[in-house]
Structure formats: structure tokens, C-alpha cells
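Scrolling down, you'll hit the structures one after another.
Look at the two complexes coming up: chain A is in both, with chain B in one and chain C in the other.
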Partner chain A sequence: MTVHNIRHGDASDGAFAEAVGGRLSRVDGPAKITGAAKYAVEQQLEGLAYAVLVGSTIASGKVLAIDTKAAEAAPGMLQVLTPDTIISLRTAADWFGTPPPDKPYCPLARDITFSGQYVAAIVAETFEQAVAAAALVKVSYDETSTIVDLSDAKAGDGIPIDAMTKEWGDAQGAFASAPVRICAAYNTPREYQAPMEPHGLIARWEGDKLTVWEPSQWLDGMARTYAEWFDVPFENVRLVSPYIGGGFGSKALALSHGAVAACAAKMLSRPVRLVMTRPQTFTGYGGRAATRQTVTIGADADGKIQSIVHRSVNETSIDGMWVEPLGSVTSIMYSTPNFSSKQNVVRVNSVVPGAMRAPGENPSAFGIECAIDELAYEVGIDPLEIRLRNYAEQDPHAKKAWSTRQLREAFAAGAERFGWARRSPEPRSMRDGNQLIGWGVAAGTYPVRRAYGEAIVRILADGSVEVESSSIDMGQGTYTILAQTAAETVGVRADDVVVKLGDSRFPRAGVTGGSRLAGVMTGAVYKAASSALDQLVGLAIGDPRSPFHPLQANTLVVANGRIASPRGDGPDVSIAELLKSVGRDHIEATGDTMPENSTPEERYKNYTTIAMALPHTEGDYSRHSWCAHFIEVRVDEDFGTVRVSRVVSALDSGRLYNPKLAESQWKGGIIMGIGQALLEEGIVDRRHGRIVNDNLADYLVPTNADIPDIEVISVGIPDLHSSVLGGKGVGELAIVGVAPAIANAVFHATGKRIRDLPITLEKLI
Partner chain B sequence: MTKTTIPVHLDINGHLHGLDIEPRVTLLDALRDRLGLTGTKKGRDHGQCGACTVHIDGERVLACLTLAAQAEGRTVTTIEGLAREGEMHPVQAAFLEQDAFQCGYCTPGQIMSAVACIREGHAGSDGEIREYMAGNLCRCGAYPHIVAAIRQAALEVAS
Partner chain C sequence: MRDFSYFRASSVDAARQAAALPGAMLLAGGTTLIDLAKCGVAEPETLVDITHLNGLNSIEVNERGATIGALARMGHVADHADIKSRFPAVSEALWQAASAQIRNMATIGGNLMQRTRCPYFRDPGNFSACNKREPGSGCSAIGGVTRGHAVLGASDACIAMYPGDLAVALVAFDATVHLGERQIPVDDFFLLPGTTPDREHAIEPGEMITAIEIPGSSSARRSTYLKIRDRQSYEFAAASAAVGIEFEADGRTIRDLRVALGGVATKPWRARAVEAALIGKVLEPDTVRAASLLAVEGAVDHGANHYKIELVPRVVARAILKLGETA
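And now, the complex of A and B:
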């Protein structure tokens, strides 16, 4: 449970900072900047024991033996866990809720399918003792042949994923007869979320009740998994996740390290803390899968697209399935009468890849947004103009109207601010000394994913308001925007609202992923707060003890924590005074975004699986966020080093609940996109299938010195088809399109088209 | 059995603490696990991310690469000790105003680094701030706002 009292309105924001849409400073900010914010594994518990995992050093084969003698004799040793000694668990359903096979689940492996897979764990009295003892565990293997990555000859063509096929018209025929034809292959490497807070947890059993303090993007989903593993009722598992030190998709699921820690805690009858090492954060869960795409475009001589043929693959693991939807942007960004997209997945010896900021849309946009740039040069049309010429007036795939699509406005606003009209079209035609200057543009999009959430809003005896939900804040600003929503709806000041999140005992919420949380939870809090306000006004009008009772008014106004009649001709009392006069110590209301008359079973399924999420094309509309990035790069002509020197992005996320925080998220997405374009690449040792650069010195993420000032412009309008209060997705949108904008800028600077990310100097010289 | 612990005396945020710990315990783990001072964050012990930045005798130091015993007889300041008499340090206030963080996990390290960066005289321009703050990673990507916050706080500290 976490409590934040809002005290820090930004003076420059004026009186409206506290309402929805205001630039209120982060309400969890003071706790974070003073060190008072306690993250999940920072809970100080009596009797805490420390677990350390031992990972496999081969990527494929069998564990022959685990020699734990030396480890068992180490000082402070409490327990050695191996596949032979760890307690047996039940297999849990996946995140779709698919009924699992009725077989035991062992989070420690005998059969190895990727390097770093956990084979043993050590629990000791101190962290230092556990680390030292883990180094004494000796594992012998029977190593078999490894499929290293997509380029491995043994990898093959993979498995066709029919659900990814999208086709209309006659794409091949139209391409064959098109006057202009381009065809190119685009590759993206393995990329990693690399949150600053490593994954980890504290697990504690009290009888058959389990408490897990764990950074989590989905408390209810993870609690369900733990409950199913240990065969206890869902209500017996409590997940606590007050703050999350970065997730980017990687902290939504209960993973094997969590199972190991919870097993150890049960076996020892002590609370156990387990935190991954930094290298384990590269193998303990999946980053973004490596992808390959071929984009073929047939067009008229004036650049009007007649056909797009798209073929793609992404890697998955030997025994898991991850599909990175690579045709997701290809199929909707531009209008085309003929289209074909097909995708395969290829099994390699890797941990199963996972969600990383805009899974699917991000690599998909890299393909199509580079390809249309290539088409622009082929036909001699400005890269911005060709995008407008092929503008999709409706969803070309779903054949439905856009709910809102402010992409044309984004192009206009971004181009104006960036000064695009001053661009010299020829590659290598702009320079500053030995630096070649390039200007690139690309668009991005992300669908509006909608799910369900519920919240309780309480108006307390002192007139303050309390909001509770099991949703979370990993930096997006949930604490803040829910406080703003409750404050505006009830009619109190934001500093009289306390928001409590991150505890699965609170009203439920679905996964925080796919940029859906803000829209879902502002809706739930708005409904709960409206209902609490109705109760409050109802009491004020109807209760004979109320000072308003003699007025026989139809309604009353609540503002700044005070109640009055709309005409101002009656009493004017505080909420606290009114509650006292009618003898109530609080008012409470629950709100949710579920369909009415939902059964308890449907509610459980909605919050603990993603099976019931609404498609973005449900009903009459196709719902997406949109953006346009304009980026300047400077390339050293001699050394091939690329620096991003200027970014202007215009974005349509609908209505912004708090522009100050939304702008931060947009800029963060753009910065991660700069890393993707220029720095980030998981490098695999071709002998043993091991990630070589499994740390933050070798897997390069952007540093402060890599990032210029970034300008973001909001061009969104409220979209009530997308959410109760009119917002669309924010968090994932802005990374989409950054890498192609940079690749396009590099082409403009150098005349070299780099189609493999990241764009490193050896590819340019 | 041979005694494996040593007495270590630490002066942290103006308070003296006596610990009996193994010599291999880092300052970071001593702060977080023995003293409950969890404001100093752990990116995982490689000296690669800067999340554990503290001040020792006024200079920025990575607590994950410093043994607790090495801090004996020296003055340690952590994020919990930065505010004076309940007043936030100008860098803290500027971080809040400029929204120079999201998840907040790198933030204590960023702030401790920023305070030292200003004190070192390395906050003279945006370019200089970026260079001298490059050892503190932020995966949420708050860099432009961190630069703005340090620019603002540097002016305040100077005045």
C-alpha cells in the first residue's frame, strides 16, 4: 500500500493544474526524490533469507549432474535447490487463460533450451554468502547442437503463423505490373528492456497464504499464476508492488525466478529475497525478438502505391511461442488497393522473447517507414509528400473509419516546427564542416488497446478523498492522473486526494501494457467518483439532517471541497461538515469499465487474463494513436559516427490527462528509439548461443550525452470512441517510427541505406 | 570457527552506525540491507549504471564498487541526507518541477550525481551537463528534463 499526499502543484500551471488535463507535478515525486519510496524488494522483513540462481552455461542439451557438496558446506548455507529437491508445482495457465496441461511445473531445468536457464538455486543467511556458495555449484552437461539465431543454417524457414496473414486484392499481380517497383529487406536484432531496477521479489508464506513483494505490471495476473502454481485459492496470494523501477513490457508475468523464490520460502518457512543479476536480466525473460522483413512496393510513377507485399519472420524459443506482429503497421499506415502480409516464426535456442515497448508496431514500422522513404527517392518525391499522397483515409485492412487520426496534422505541425521546407532533397547535400547532415521523417502508430479496471472512491469524514486500485505506476503517472480524475469529478482539491495502488487486495485491474492503463483507470475512477458524488449530493438534498434539506433543491455544486447551491442562495458548507451533519463517517462507491451484468467469473477472467481485451477495431471504428518524427543526424564523414542532433515529434494520443507527464513518456519513447536505431543489439556467441553483452556496459543504452533536446507537440483531440475521458495510448506510441526516421536521415546525410539495426559506424564506412 | 566479520563504523548523513559485517559487504548492501537506507538504488553491482551514487567526503562515488569498510572514517551522504531541516535541496526541487524522472529508480543516483556535478563546476552548459551526467543511466529517458533540472538548480545554487 502506498500513500501520496499531493502538495506540489506547479505554480506556473495556474489554477487548472489539478484538473484532468492539467500539468500537475508527479504526486509520487516527493517520495522518489527523497529516497523514501520503497520499491518491492526493499521491504525490510525479519528473518529474510537470500536466494541466488545458478544458470546453465550451455544453450542446448541435458543436465547430467549437479555437484552441490562444496556449496552445502559453505558458511551461512540454508538450502540448495535443484530439480531433484525443489517442491513440485502445477503448471499455470498462460496469459490468455488457456487451460494448462495437467503436468507438474519445475522452474529449475534438466533439459536446457537456452543459455542461462536456471538449473539450481542457493539460499543462505546473507546475500554475500549466497553469492559465494552459488559459485561453488558444479554442473555437468551433455551439450547438443545449438541453433544460435535466425541466421543459423539449422534454423530453417520456421512455422507459418496463419493468424498473421492479411491479404486483399491481388498484391503479387499488381506488383508485377507496377511501373515503379522497390524491394528491400529490413532486420532488427535482439533488443532488451534493461529496466534500471532488476527483476526480483520477496516471497513470504504464512500457512497457505503467500505474499509476494515484486515489481509488477499486472498484480492480478501474476497473483493468479502464483495461485495456480501452488494450488491455493487466488485470494490467498497477495501481490504488492508499490513502485516499479521500469518495466517496458518485461514485468507483466510471473516468471520462473519468482517460482523458485516462492518455493524456497515455502520449503524454509522463511521469507526469501531473490533478485536477478544484471546478466540474468538478459536471459531470465525475453527481450524483443530479432526480426527480418521483406517489403515490396509497387507504385505509379507519381508515387501512388498500388501494391505492398510483406514477408517476415521473428525468432522464438525452442519450446515457447512468441509472435511479434510484424504486419501491424504495414497493413494500416498507407492506402493500397492490393496487399499481402505473411509471417513465420523460427525456433532458436533462446529464452522465449517477450513484450518490449510497442511489440510488433515498432519493428513493423521500421520496415514500411524505411521502404516508403526508398520509394520517395525512387520516384523523386519529397518523403513527406509521398506520405500525404498515400494517406489512408480509413483503416485499409479493417475497412472502417478511424476513430480519430490526426496524422496529417502531426505531419504539418512537425514539419513546420522542424523547418522541413528548408531541406535540400539530394543525399549528401547538407553539411557542416566534416559532418554530413541528414533530415529524416517517419510516422508511427499504436493501437488503442482497451480492457477493464475497477476502483473504489471514498469520501472520508474529513472531506478528503481516497482512491484504491490494484493498478500500478511504473513512471507513467497513474498516481497523478487518478488523483486529478477524482479531484475534478468529486470537486475537491487534488491535495485532498490520496491514491493507493500496487496491492492486489485493492479493486482489480488488468495488465499495464499496450498503453491501456490510463484510459481504463481514469474511466473506472471517473465512474466511481461520479457515483460517490451522486451519493454525497443525494444525502445533502435528501437527508432531513442536512442544512440543504429545506432548500428542496434538484442539485448542488461541489467545488474545492465545499457544497453550495448552484445559485449560491443557501448554505455553503464543507464536505466534512455535511457528512457530520448527516451522521456519516464516509461515502464509498465502486466504479468499473466492465459491461453491465458481468458475472464474477467474467470479472475474474477479465482481470487475470488478457482473453477479454477489446479489439481496437471493435464496432464501427478503428482506434489508434499516431505520430510523426522529424529527426536531424550528423554523420562524421571520416569515422561514420552518427549523432542525433535534433528531434521534433508531433503526436496524437487523443486527450492528454496530464500533458507534463505525457510529454515525459513521449520523450522517453523517442530516446529508447534512438538507442534502438544507433546502439542496441544483443550479440550472440556463435559457439555456445550465449548473449555476450549481457550487461549495461556492453549492451549500450542511450546515455545523457547521446541525447539532444527533444521537442514534442501534441496534436491530439479527445477520442471518446477510445476511452471514457477521450485519451488514446501514450507510452508505446512515441518509440514507433524513431528508428526509421533516423535510418532515413542517415540515408539523406550519407547516401547509404542501412537496413540492419543498429546503424553502427562499420556499416557506414 | 574462524570469525569472518569485522567491526565497521560508518558516518552516514551525520549519524554514526556500528556494524559487524563481512569485509566483502559493499557500502551499497550495507546501506540497503543492514541499515534500511534503501534510497540508494541497486542496478546490480557492476558500476555501470550510477543508480547507487552517493557522496563520500563530498565526492560522488559508486556505492556498489565500494566496500563498506572503505568508508570507515569518512563522511557518507545518501539521498536520505540531502534535504536540510525538511527543505528539499534545490536539485531535488528542480527534478520535481522539470519532471526529470519517471519510474524513479535511477533518480536518487541522478540527484546525487547532479549535486556533485554542480559543485564540481561542471554545469556550465547543457553540453557539459550531458557529458558529466553520462555515467548515470536512465532507461525511462528523462535526460532532457534532467539537463533542464540541473541547469535550473545550478543557477539557484549560484545565487
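And now, the complex of A and C:
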């Protein structure tokens, strides 16, 4: 979709920046910095109308009546949408592609299960008119009792999720006979993605064809959902998402606000823009579910683990299902002969929780990585040493070899740079005036999720290269690494590659989530570019009009956009000259990461659902990224304020396609982890079941002042079991383990073990 | 936000007259007013823009004190060399308030008119009961989420915390607010909620803040603003203290002490009991800590804000002792 006619990279990139593995700067950076990048809802369309949503003010009950009289008389009013007036949709399949029940879907609710649920929408000529009219809509309710959260007595024990059960050995028996035993409960609150760009879209119908400009982590999945809602062919829906202003998992699915806007556009026969308010970004979709875990560890006197028993719950909504896999890290981080993990989910009056950076692994690591720290103090050995003593040499759950696991190397590199050996072991033994100083360590991991993508690579008449894919760039650097991949593979400068993403008319791609996109798409582009190169060289050798034809060479070398014989004894022409000589205006090749002989139906399912993703333990190996965080905190002993003063993290993401961008993502994850540890919490009014800090002044994320210099060290090696070019996941890994490292550092500083996030000052005074 | 009409005032008198009309409000930096309009709390019919008035943004500092025009920007005052040297607590309160972007927009007069961050006050769509917004409608905060609410100065009608920083320093140093002809002490400018929490300031229709005046003093010159919060920047105080001190010639005996509190009360809160307990005493850590406990005399918590009662004396003591160290 987007063309970056700018020079790639800058002087800080260093040599070889343009190759895969080079430190090429973000090619979309200048467009974003200068404001030239046009985000989805910034499209200027003729006849645009503006929709505003009206949310429920109760968390549980029924809508009795919606009085729209005053709103209908408001200036600029075009349409009032209620459950009675909005057009009927079909229920769409979920993201697994499970066939949906054959019943209508209404994105506006009569039955209320959470505060903020949309009950009506107003469409007006201007945004301001729509806001003013929406304030005039009066909704009356029959309110029923609310289940506020996991701690609500009415919530009960929840629903056992058998698929989450992981057991081997005799965990209870081994615990009972273990000489050292610890048991503690760890809680994480509701957390929110808080992207700078709020969710929103512009929907436009032309006949039975729908175009949606919407920030999206998954164009093909969302296009499928819109197509199913409106019962039109998949090909009739075009999703356009050139840039995404932060997703963190929250922009992967088409949501009810999108359905409302598309309905309004259809009913009015006008394009409609709808953007969530900031408060609606706390109720319009799910953040990270609140979780509770009990971790029980039995160990030998020397700290060798004999048993782990793990029990957990996460919250879900009244009528939706979200399972946050809380045993995911617990079951693989440490070697143990006996293990048991079980999980329930509990229904509460909340919007259905959703994916947020490292769903599952993130809270899971908070439990086990705090618990093993507690075990270290109980046994009386160093928290780093206990991790090495229990190092898992293979996947303890899958009983398979790791594809690569550079965690020992991460511990060593991080400890060395941090100066861990100088740590004074006793809690409260390091201080600077009123500041208690604590050093904490924790590990993290994230599985290598593998899915599918396809790309077209074109070599154009002027010798430049064009890449197209419906995958997206939400800041992680897809534009850049695909330019590097195509440049290196074809043999041109990155400057001569234009990458076009974010349009569902392009070759398809699966969801950008689970840290899978880079591995998938570099593979697809590598294959497409290799195939295009083969065609180019084939033409140069075989076409009678080619200047190389007389050489009768087996192969030719393409580099810096020029073609030559390997020994340099023949002609030396540019790609453009070669194409001209053989009478071609372009070469085009498609590449994908699909199994061979895939049918069109399988391809459709692969790109529009997550049902076909490859398990990370497929075949002989267990594939994961790994990291170790070493963190220093300073806690004011009078005020309880915690400041992170030093972070050294060593990470194994396999081969890095672009270290500059990988380091940036790692640091982003660490910063988000600092926020999770110290600041972030959706606070719910227990009487109303409503989040009250639903804005960025009251829902605290870190500011620059909260973040020290962060040192990240790559300890990865290429892992060809994980991806075509050897990379593992980057984006989600680094947040995993940050919160427990901070909690462990706070314990070391203060002697107080805080097991409920966030670690706010009142918990320490 | 509702439609409103916009009027650019050409003089102070014109502004005062226009703002006296029903539904009219003064607009300066707009950082509070526009925010509250977006929340649906402020619904002005007319905005009277005073940002183009001349002569209201000066900062004058001399031996007698400082006079700061109502339209001086928070950021300018915070960075003013004479404010920094003669009234460090004022500068520190300002630069620890809000964010750099807001400080560059917000004015000193507007800052005094800043309203509470009580989430119930700010969300009329979801919480209809709020005596501050709608007299007699009740208080949604009592019994609700109260981590940020006041432990001092609250009433049965309202427990909303005064969120600002600057006024805490102003109260400590006996500043006055200029309302055209009338001048009143800052401490009297802010009203306790009592039974009328809708009335927050002793300003009458037709009046407008034109300047604040801070008398110069030794205690103001040796002063500090200590603000405690979970986030290092851009967060309202969990508790804060503006403290100024003057010693006798011996350099140890306290001749004058000023203590005011932020983040814990329904208005900027002068802690006179702490001052009285320490004036005439030698500055000793134990004495200071014991006296600082008087800062929360009469404090009442609402559960989640109990920590403020623990925190305040520690903040006060740290600030006083820090000033003592610089002797």
C-alpha cells in the first residue's frame, strides 16, 4: 500500500546494513516522524459521515428502552442505530474458523454483560455533532447483580479447562516428602494494551463490495470476519492498514465497533468513520485477563526441584471464552521429575479479555520466576545458581530436545555485564542513603509460533524490486526487514526495493501475533526473491538476445543491481539493461511458506484462521526464544517508591534479521514489563463493575523518566528448525520475566515479598 | 463536547463582563477546561478567550516578593531564574506538575482553577451522583475507588482531592490572589467542600484572576517541594509537601517554618500544627519526625487512601530535614 520514496537507512547503520542481519534503520521512520505517514482513519473520503458509540452504564442486566427522540432532533443527525434499527448480520466464525452457530449477530446489545458494552450508535454529518447527539440518548436498564472480578464471592471456582492440564510423575506425593517446600499465590491485575492510536475505522460500501481502512494486525482474518458478517464473498472485502499505531495484540480481530461502522455505512450508503474514545479503549475490547496462580515447589536441601504443583485461574467474560495459558512457562522452564498444572477460568462481568504482549507466558513467568526466587532464599543459595541447578536440558513437558536454547549463555552474559557476582546476598544489605538497593534476576521464554505467508517479488524494468504482501508493520520493522531480505536475495541495494504492505488485495499473510511474522515473511520473500532471481539469471543465460548468451555460463552473479559472470570475464550490465535486451518489462515470482501441494481451501484457511498454525513442538524439537533479565531497583524506605535504575537483559531470539530493530523491540518489551511490574492496573469500582481509570492520565504506563538505560545482549544462534532464515520470536519475548525480576529485586532491597502486581508504594510502606 | 460560541476578549474589563454572563467561562491555556468539556463535565455556552490580553503574563521578582501575571505559562515560571533562586519550592512544584507539553500551555491563573481528578466527578455519563457537579445528587466516590481521595478536609458531601502542586507552595508562603480590585489570601481562595462542594473558589461572577503575589521571605528562599508518586513524571501526588525554613543565627534553631501539603486534602493544606511545634526548636531528626505526625491530625481515610496518612508525615519530615542539611 505504502511507498517509501526515501533513502533507506542512515549513517548510524554501519557497514552491511542493507543485508539480512544488518542494522538498517526503519525505512518507514522518516514518514512517521514527519507526519507524512497516513494512518487508516486519516483517509479523506468524500461524503464521510461520523459515528459515535453509546456504551452501557451498567455491567449486568437488560436494556429496557432507548429514548432517541432528543438525539434524532439534534443538528446534523443522520441516523440512530439501536438493536431494533441496525441491519441484521450473520454470526462469523471465531479465529479458529470454527463453524459459527446459524444465528444473527447484532453488535449492539440488549442483554448487558459488561459496563461500556455498546447499546446504540449515532451517525452525524460531523464528529462534533455525533458526540453531542450521542450525549442525548437516554437508555433505561433493568440492572442485575454484577460479578466484579476473581475475588467476587459470586464468581465461584470457575470452569476447569482440561486442555490446560499438564501432569507427569506424582507431584503431590513428591511435594509431601520434599525436605524443602514453598507455596505462594501470585496475582496479576487487568492490564491494557493502551496503544497510542485508538481503534477505529472507515467503512465504505460500493454495491456489495466493502472497503475498510482500519489498523489491523491481521488483514485476511479481519476481511474474512467482515465477509461472513455481511454474507458477501471474501474477495469482496478489502482491508487497508498501511500503518498501525500500536497493537500489542489488540488489533488482530474485527470487533463490534467495526461491525457497527460497516452497518452504518451500508444503511446510509455513505462512508462512515468511527473512532473509539480513549475510555472506550478500556471496554471496547479485552486487555490482559486478571490472573491468580498458586505455585508449590518441593525441593531437595540443595535446591534441586522434585515437584511443582501449579493451580491457576484467569477471568473471562460472561458469554465469551478467553484462556490465558498460565502453565506455559511453569511446565518448561525448570527440570522436575514430578509436575502438575491445572487451570480454571472464571466468568465475570467484563468485556472478553484478549491477547496482550505474550499472553500466557507473561503472567505464567511471574508465578514460577518469583517462586523459584523464594525457593533460592529458602534453601539459601544464589537466585542465579538455583536456576542453573534446575536447568532443563530438554523440554520437560514435551520430552523433546530444544531446537536451540541459549539460556545458559544468557544467564552468563547478563550476569557478567550486570556484575551479579558483586551482589550481597542478604535482603536489605545494599543501600544508598534512604534508598534500599535490590538486584533481581528472572528468566523468560516464548514459543516459536509458525504459520504461513506469501509474497510477490517483482523485478521491474528499471531494475528496482517490488515486494507485496498483506502482512503489516505495526512498528516492529516488517517494511525494513523485507526490503533487506529482497535486496540480499536478488542482489540489489535496499534503496532499490519498495515494500508494499497492509492491503488485503496483496498476497496473503496470517496473523501478526505470537511473534511469528518476521520468520514467516522473510521466508516467503526469500523464496519469492530466489525464484525471481532464478528467472533473471535464466533469461540472462538462455535468451538469445542476452549479452551473456554467448558465454554458455552455468550461472551468473547479481550484486548491487548488476549482472556479471562469476569470474568477471564477460559482460557487466545492469538489471535494467538486461531486461531491456531480452524484451521483458518485469519478472514476477510468488513465494510462500505453505506445505507443497496445498489446496486453495487450505490456503484460505491458513491465512484467515489460526487453526493451521504449526505447534512449536512439531516433529523432533521444542522451539522457544529465551531471555534472562538482571534488574536493579532502588526503593525509598520511607515512601515505598520503586525506581528501576539498571537493566541488563540477554536474549536468545535466534538469528536477528535486523539487530537494531530487534533491540528496539526488546527494549519496548522491557519497558512494558516495567510498567506491568510497577504501575499498570485496571481499577474496578466494585459497586458498578466499571473500570474507573479508563484514560492515560490515570492508567499509568511508564514515562521516559521511569526508564533507565537498558542494555540488551543478543546470545542467539541461527535456528533453522524455527524458520527459513534461522530467526525465532522477538516481539513478545522480552516482556516475559521483567515483572518477576523486579519483584525479586524489590524483595532483595526490602525483605518484602510482593506477590500482587503492580508493586505500588502503599504495598511497601 | 457541545457547541459553544467563542469570544476573544479585548480587555480585562471586557473579559470580566463577558464571563459574568450565564454559561460563559474564561479560556486561557485550556488544559483543564477543554479536557473537562470532553468528559462532559464542563458545558460552556460561551468561551471567553483571554490569551490575547496584553500585560498579564509578566513575572516580576524583587526584594519584596514576586508578582506573576495570570497568563504567565507554568513552564516559564518554573524556569524563571529569580523564581528558582528566591522561591525554589514554587519552581519545583511547577516543574513536577503535569507534563512538559501541558506546562507550556497552561497558565498560572488557570492552574489555580484546576479541578479535581476524582474519577466520579469526571465521568457524568457513568456516575450521575456527584455533589460537586450536581449539588444534592450525592457522592459516588464514598464507598468506591478512593485510592486518590482526600484524607484531610473532606466532608460527607465530597472527598475529592485537590490535585494541584503550585497552590500548595503558594499557601505555604502566604501568597495572595489578585482578582482585579480585590486581593485575597490563597488559603482563603480555596474553599473547603463542606455542604457546598460545587463551590471550590472564593471568586465571584465578574471577577477574574489577574495575578498572584508571593511575599519574599527567608523561608521562601530556603524552600523545597517534595512530591511522592508511583510514576516519576506526569502523575498527581500520592502526597507532597511544600516546606520553607529559616534558622536563627545559630543555624540550628528554627525561626520560621512553612509546611503545606498536596495530594492529601480537599484543598491546598497548610500544616500549621507542624510549624507551631517546631518553631523555636533545634532541628533534630527525632523532633522533626514527631512534629511531622501533627500534619495528619484529624485525618480520616476511606480505605484505599489510608496509606496517605502513613505517608504524609514521612514526606514532611524528609523535606524539613533535607532543608536542614543544606545549612
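Everything that follows uses one rule, which is that the second predicted complex is superposed on the first by the 757 of 765 C-alpha atoms of A that agree within 3 Å, B and C clash if a C-alpha of one lies under 4 Å from a C-alpha of the other, contacts with A are read in each partner's own complex, and residues count from 1 in each chain.
Convention: a contact is a pair of C-beta atoms (placed from the backbone, for glycine too) under 8 Å apart; a residue touches a chain by one contact, two chains touch by 3 or more.
Just so we're clear, the structure is a prediction, and the values are computed from it rather than from any experiment.
Residue contacts after overlaying the shared chain place A:762 against chain C, while chain B stays out of touching range.
Contact with neither chain B nor chain C is seen for A:45 once the two complexes are overlaid on the shared chain. In the superposition on chain A, A:703 contacts both chain B and chain C. In the overlay built on the shared chain, the residue A:128 is in contact with chain B and with chain C.
Residue contacts after overlaying the shared chain place A:36 against chain B, while chain C stays out of touching range.
In the superposition on chain A, A:87 contacts neither chain B nor chain C. In the superposed model, A:693 lies in contact with chain C only, and not with chain B. More residues of chain A are touched by B (comparison of chain B with chain C). In the superposition on chain A, A:665 makes contact with chain B only, not with chain C. Contact with neither chain B nor chain C is seen for A:232 once the two complexes are overlaid on the shared chain. On chain A, the patch touched by chain B and the patch touched by chain C overlap at residues 75, 128, 697, 702-706. Residues 4, 22, 24-25, 29, 32-33, 36-46, 48-49, 51, 78-80, 82-83, 88, 92, 95-97, 99, 101-108, 111, 126, 129-131, 133-147 of chain B are the ones that touch chain A when the two sit in their complex. Residues of chain C touching chain A in their complex: 1-3, 40, 99, 117, 119-120, 123, 125-127, 143-145, 147, 228-235, 238, 306-307, 310-311, 314-315, 318.
Interface of chain A with chain C (complex): residues 55, 57, 75, 115, 128, 131-132, 135, 279, 434, 638-643, 678-679, 683-688, 690, 692-693, 697-698, 700, 702-706, 758, 760-762, 765. For chain A in complex with chain B, the residues that touch the partner chain are 8, 10, 25-26, 28-39, 42, 44, 75, 126-128, 193-198, 243-248, 275-278, 281, 474-477, 660-661, 663-665, 667-672, 695-697, 701-710.
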